[in-house]
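Next up: the structures, one after another.
First subunit A sits with subunit B, and in the next complex the same chain sits with subunit C.
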Partner chain A sequence: MFVEIIDVIISGMINGSVYALMAVGLTLIYGVSKAFNFAYGSFYSMGGYLAWMIFSVAVINSYFIIFILSIPVLLVLGYLIEKVLVAPLRKRDDWEIKVMMITLGLALLLDNSYQVLFGARMKSLPSILEGSLEIGEFILAYQDIVIFILSIGGILLFRWFLNNTRTGMSVRAVAQNPAGAQIVGIPKEFVFSATFAISTVMVGTGGILLAQKYFVTPTGGWDILVKAWVITAFGGMGSIKGSLYAAFILGMLEAFVGWYFGMTWVLIALFAVLLTTLAIRPQGLMGKWG
Partner chain B sequence: MLEIKNLNAYYDDFHVLKDVSIDIKKGEIIVMLGPNGHGKSTFLKSICGLVSKIRGTIKYNGQNIAGLGSEKLVNMGITYIAENRELFPEMTVLENLKLGAYSKTARPYEARNLEKVFALFPRLKERSNQLASTMSGGEARMLAIARGLMSNAEFLAIDEPSLGLQPNLRDEVARIIKEINKQGITVMVVEQNIPQITELAHRLYVLEEGRISFEGSKDEALGNDHLKEIFLGM
Partner chain C sequence: MDMDWKRNSQLLMIIFGIIGIMPLFFGSTNFIMHILIMCLIWSVVASCWDLIMGFAGIFSFGQVAFFVIGSYASAIISAKFSVPPIFAVILAGFVAGFLGVLVGLPCLKLKGAYIALVTFAVHMILEPVLKGDIGRAIGTGGSRGILTIAPMNILGYTFNSSDPVPYFYLMFFLAVASSFIILAVIKSHWGDAFLALKDSEQFATCLGVSAFKYKLIVFALTSFITGMIGGFYAHYVGMLSTRMLGIDLFVTLMVILVIGGVGKFPGAIVGSFITIALNEMLSPLGSYRPIILGAMVIVLVLLLPDGIVGLIQKIMPKKKSGKSLIA
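Take a look at the complex of A and B:
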C-alpha cells in the first residue's frame, strides 16, 4: 500500500511536470494576446509525429538529435501559422472568436492530415533511457526521471527567457500592458507571433516527451488540449504561476483518481474540481479580475 | 523639427482633429491647452504613431512620418508619455526603465540614460527593485516620465503630466520638464490650465473642438479675453 501510494505520487509529479510545460505555453498565448488556441493539442501530436518521423524514417535513434531537429521546425511552423492565419484576423471586430474558429478548423485539418499521412494506427517511440532505479521495494524508471528533468528544465529555461532576454521582457510587457508596450516601441505583432511560436515548441516538446509513454495517434491531442485548458482555467487564465501550481495539483489528482477509481474517472474528476473552483473563485487560483 | 499640416484624426467614424497645423522648432517647449475631450491627447498620440486613422502630413526633420507606427517613431526619437502612465505593473522600477530603452537607437545609451534618469529622480533609484504597481500616484508619474527619457528621445510628447498631482508635485514636474528641455530635448506638453506648466511655454496653443483656436506667446494669451473666458470663466 505504502509503495503504491509513493508510485502514484511519483507518477503524478511526472505527468504534472509535462502538463506544466504545456499549460504554461497555453496560458502564455492567452496572457499575451487574449486569444485561445484550439489547435494546441494538434501541435502536441505534431511533436510526436516529428519525433516518430526522425526516428523511423531517418533512422536516428538519439533523442538529443530529435530535439535539435524538431524544435526549430516547431518554432518556424508556429510562427508561420500565426502570421498567416491568426495575425490577419486581429484587425477585425470580434477577432477573439474568429481566432477560436480558425484554430479549431486548423486542428481538424492537422488531425486529418496526420491520419492521411501516417495512418490511424498508433505509433510508438523508444524509451529515452532504458532501465530503472530500484530502491528496496520500489522501482523508478529512468525514462520518467529524464522526462521530469527535461520538463522542469524547459520551464526554467522559459522563465530565464522571460526575465533576462529583451524579447522575453517584451512578451511580459505586452501581457501586462499592451498600450504601454506600444508606447515604448515594442512591435506587438512580432511579440504575438513569437509567443505563438514559443508555445508551439512547448507543447510539441511535451508531445515528444510523452510519446514514449502513451503512443502517438492522430486525435491524441484533444485529450491534451482539454487537460491544458482545464489547468489554465483552474490556475487562472493568463497566470503562469497559477498554471504551474494547477498542473501539479491536477497531475496528482489524475494519478490518485486513476489509481483508486480507474482512468475513466479522471476527466470527470478534473472537471468536478475545475467547476468547484470556478464556482468559488471564478478567476481561478491566481487569476485576476478583468 | 516638426511641421504638422492639416492633421485630421478619427476614432472609428468620430472626427476628432480637424485640420490642425502646428510648427515645432528644435529646443522649444510647446504647451497646448484646451478643455477636456477636445482632442489634445489625440493630437499627441497622432504625432507619436498611436492613432491608426489619421490624414495630413507630419514632417519630422524633413521626412513625412504620418502613418508610421510607434515602433518606428520611437526609434526615430519621438516618444509619448501617457497621462494614465501605462506602466508595467508586475515589473520592477528598473525593468520598466529598461523597457523604456527598448528601441534600437536607445539600447547603446541605456547605461548612460539610466544614470541621467536616476540623477533626475533619486527616489526611483532608491526604489529600483520595487514593483511599479506598489508605487504612489506621484512616484508612478515620475516613473512614466523617466521611462520616456530612457528612449533617448529628441522629441517628448507629455500628456497631462500634472493630472492628479498635489501642488508641490506639480512644481516638481515643472522643474523636471525645464531640466529635460535644458538637456536639448524638444518638449510638447498637453495640459489643463496649470500655471506652473503654462509658465514654461515658449509658445502656447489652444485646441477647442478639434481645431486650433489660439496660437501665440504667454503674454498674448493673457491679453486674450476669449481664453480668460474658457479657462477662468471671467
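Take a look at the complex of A and C:
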C-alpha cells in the first residue's frame, strides 16, 4: 500500500511536470494575446510524429539530435501559423471567436493529415534512457527522471528567457499593457507571433517527452488540449505561476483518481475540481480579470 | 423593429418556401431526401448555436453535446419507460434544457474563453460517461451504442425512414417552428438585451438589464430546442453511438455557421444546406474529407468574415434608412 502510494505520487509529479510545460505554453498565448488556440493538442501530436519520423526515417537514435532538429521546425511553424492565420483576424470585432474557429479547423486539418500520412496505428518511441533505479522496493525508471528534469529545465529556461532577454521582456510588457508596450516601441505583432511560436515549441517538446511513455496517435492531442486547458483555467488564465501550481495539483489528482477509481474517472474528476474552483473563484487560483 | 421583423420573416418564408418544394423534385430519390432531412436537422442546431453565440455572445461549445444528450435521452426514455416517441422527444428536450441550465449556471460568472472551456468540457466528458459504467447503467449500451430505436409515431401514424417524404415534412415543420421562435427571440426585447449585454455588459447591467436572467434563458431555450431535435434525429436514424461526439461533426457545424455568418440569423439555415450538401459531395474522398473540411474552415474564416449573408450585404449596399437588409 505504502509503496503503491509513493509510486502514485511519483507518477503524479512526472505527469505534473510535463503538464506544467504544456500549460505554461497555453497560458502564455492567452496571457499575451487573449487568443485561444484549439490546435494546441495537434502540435503535441506533431512533436511526437516529428520525433518518430526522425527515428524511423532518418534512423537517428539520439534524443539530443531529435530536439535539435524538431525545435526549429516547431518554432518556424508556430510563427508562420500565427502570422498567416491568427494575425489577420485581430483587426475584426469578433476576432476571439474567429480565432477559436480557425484553430479548430486547423486541428481537424492536422489530425486527419497525421491519419493519412502515418496511419491510425499507434506509434511508439524508444525510451530516452533505459534501465531503472531500484531503492529497496521502489523502482524508478531513469526515463521518468529524465522526463522530469527536462520538463523542469524547459520551464526554468523559459523563465530565464522571460526575465533576461530583450524579447522575453517585451513579451511581458505586451502581456501587462499592450497599448503601453506599443507606445514605447515594442513590435506588438512580432511579440504575438513569437509567443505563439514559443508555445508551439513547448507543447511539441512535451509531445516528444510523453511519446515514449504513452503512444503517438492522430487524435491523442485532444486529451492533452483539454488537460492543459483545465490546468490553465484552474491556475488562472494568463498566470504562469498559477499554471505551475495547478499542473502539479492536477497531475497528482489525476494519478490518485486513476489509481483508485480507474482512468475513465480522471477527466470527470478534473472537471469536477475545475467547476468547483471556478464557482468559488471564477478567475482561477491566481488569475486576474481583464 | 417592426419593419425588421417583417423583412426577416419574409426572408425566412422565402427560404423555407424553396426548401418546402424540394420533395417535388427529389421526392423519389431516398438518398437526396435523406440529405435534405439532415440539412433541416443541422439547420436547427446551427441556428440555436448562432442564437447563443452570435447574438447572446456566449462562447458556448456544448451544442453538439446537448444534441447528443437529447438523442440519447429520447431513445432511452422511449425504450425503458415505453413512452410514445413524440412525448419522449419533448421529455428529452426538457432533460437537455435542464442540463443546459445546469451548465449555464457556472458559466454566468465566467467570461469568454472560460465559458468555451466549461461548455466544451461537457462535450469532452460526455463520451467517457456514455461509454462507461454510468452510461451502461442508464442504458446507453456502452461503446456499442443503442442499436434499435422506435420510429416516430404521431397520432397512430408511424413515420418510416424508408419513406422519407413524410419525415421530411415533419422535420420541415420543426425547422420552421424553431426558426420563427429564434427569430422572435432575436427581434423581441430579449434580442435587444443580448445586444446590449454583448456591446457593454457593465453599461447594460447599469441600465437594469439582468445579464443573469437573459443568459440563463438563452441557455435553457437553445439546449431545449437542440435536445428535442436530437430526439427526433434519434428516432429518425434508429441507432446511436458516441461517434457523433467526434470533432468531425463539431467542425461541420462550425462550417455551417462560418458560411452562414455568425450572428446573421437566417444565414445558418442557408449555411447548413450548402455545408451538408458539400460534405456529401466530398464523402467519396474518404479520409481526405475532414482535411478539406478543416482547410475550408480556415479559408472561409479568413476570406468570408460575415458569411454569405455578409457577402450579400456587401454586394447590395444598405438602404438609406440605415438599417441593413438582413439584421
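Simple rule for what comes next: the second predicted complex is superposed on the first by the 290 of 290 C-alpha atoms of A that agree within 3 Å, B and C clash if a C-alpha of one lies under 4 Å from a C-alpha of the other, contacts with A are read in each partner's own complex, and residues count from 1 in each chain.
Keep this in mind: a contact is a pair of C-beta atoms (placed from the backbone, for glycine too) under 8 Å apart; a residue touches a chain by one contact, two chains touch by 3 or more.
Because the structure is a prediction, the values reported are computed rather than measured.
**Student:** State whether A:Val86 touches subunit B only (first), subunit C only (second), both chains, or neither.
**Tutor:** Neither partner.
**Student:** According to the stated criteria, A:Leu250 is in contact with first (subunit B), second (subunit C), both, or neither; which is it?
**Tutor:** So A:Leu250 meets neither subunit B nor subunit C here.
**Student:** Could you say whether A:Leu21 touches subunit B, subunit C, both of them, or neither, answering first, second, both or neither?
**Tutor:** A:Leu21 contacts neither subunit B nor subunit C.
**Student:** For A:Leu162, is the partner it touches subunit B (first), subunit C (second), both, or none of the two (neither)?
**Tutor:** A:Leu162 contacts neither subunit B nor subunit C.
**Student:** Please work out whether A:Phe36 is in contact with subunit B alone, subunit C alone, both, or neither, and reply first, second, both or neither.
**Tutor:** second
**Student:** On the A-aligned overlay, A:Ser170 touches which partner chain: subunit B = first, subunit C = second, or both, or neither?
**Tutor:** So A:Ser170 only meets subunit B here.
**Student:** Have a look at where A:Gly105 lands relative to subunit B and subunit C in the superposition and call it first, second, both or neither.
**Tutor:** A:Gly105 contacts subunit C only, not subunit B.
**Student:** Answer with first, second, both or neither: which of subunit B and subunit C does A:Val230 touch in the superposed model?
**Tutor:** Touch partner of A:Val230: subunit C, not subunit B.
**Student:** In the complex of these two chains, what residues of subunit A are touching subunit C?
**Tutor:** My answer: residues 30, 34, 36, 85, 88-89, 92, 94, 96-98, 100-102, 104-113, 115-116, 219, 222, 226, 229-230, 233, 237, 264, 267-268, 271, 274-275, 278-279, 282, 289.
**Student:** So in the complex, which bits of subunit B are touching subunit A?
**Tutor:** Spelled out, the residues of subunit B in touch with subunit A are 48, 50, 70-71, 73-75, 79-82, 86-91, 95, 98-100, 102-103, 147, 151.
**Student:** Which residues, counting only subunit A, touch subunit B once they are in their complex?
**Tutor:** Residues in contact with subunit B: 166, 169-170, 172-173, 176-177, 179-188.
**Student:** What residues on subunit C touch subunit A, complex-wise?
**Tutor:** 53, 59, 106, 109-114, 116-118, 120-121, 124-125, 128-129, 131-133, 247-248, 250-251, 254, 257-258, 262-263, 287-288, 290-291, 293-298, 301-302, 305
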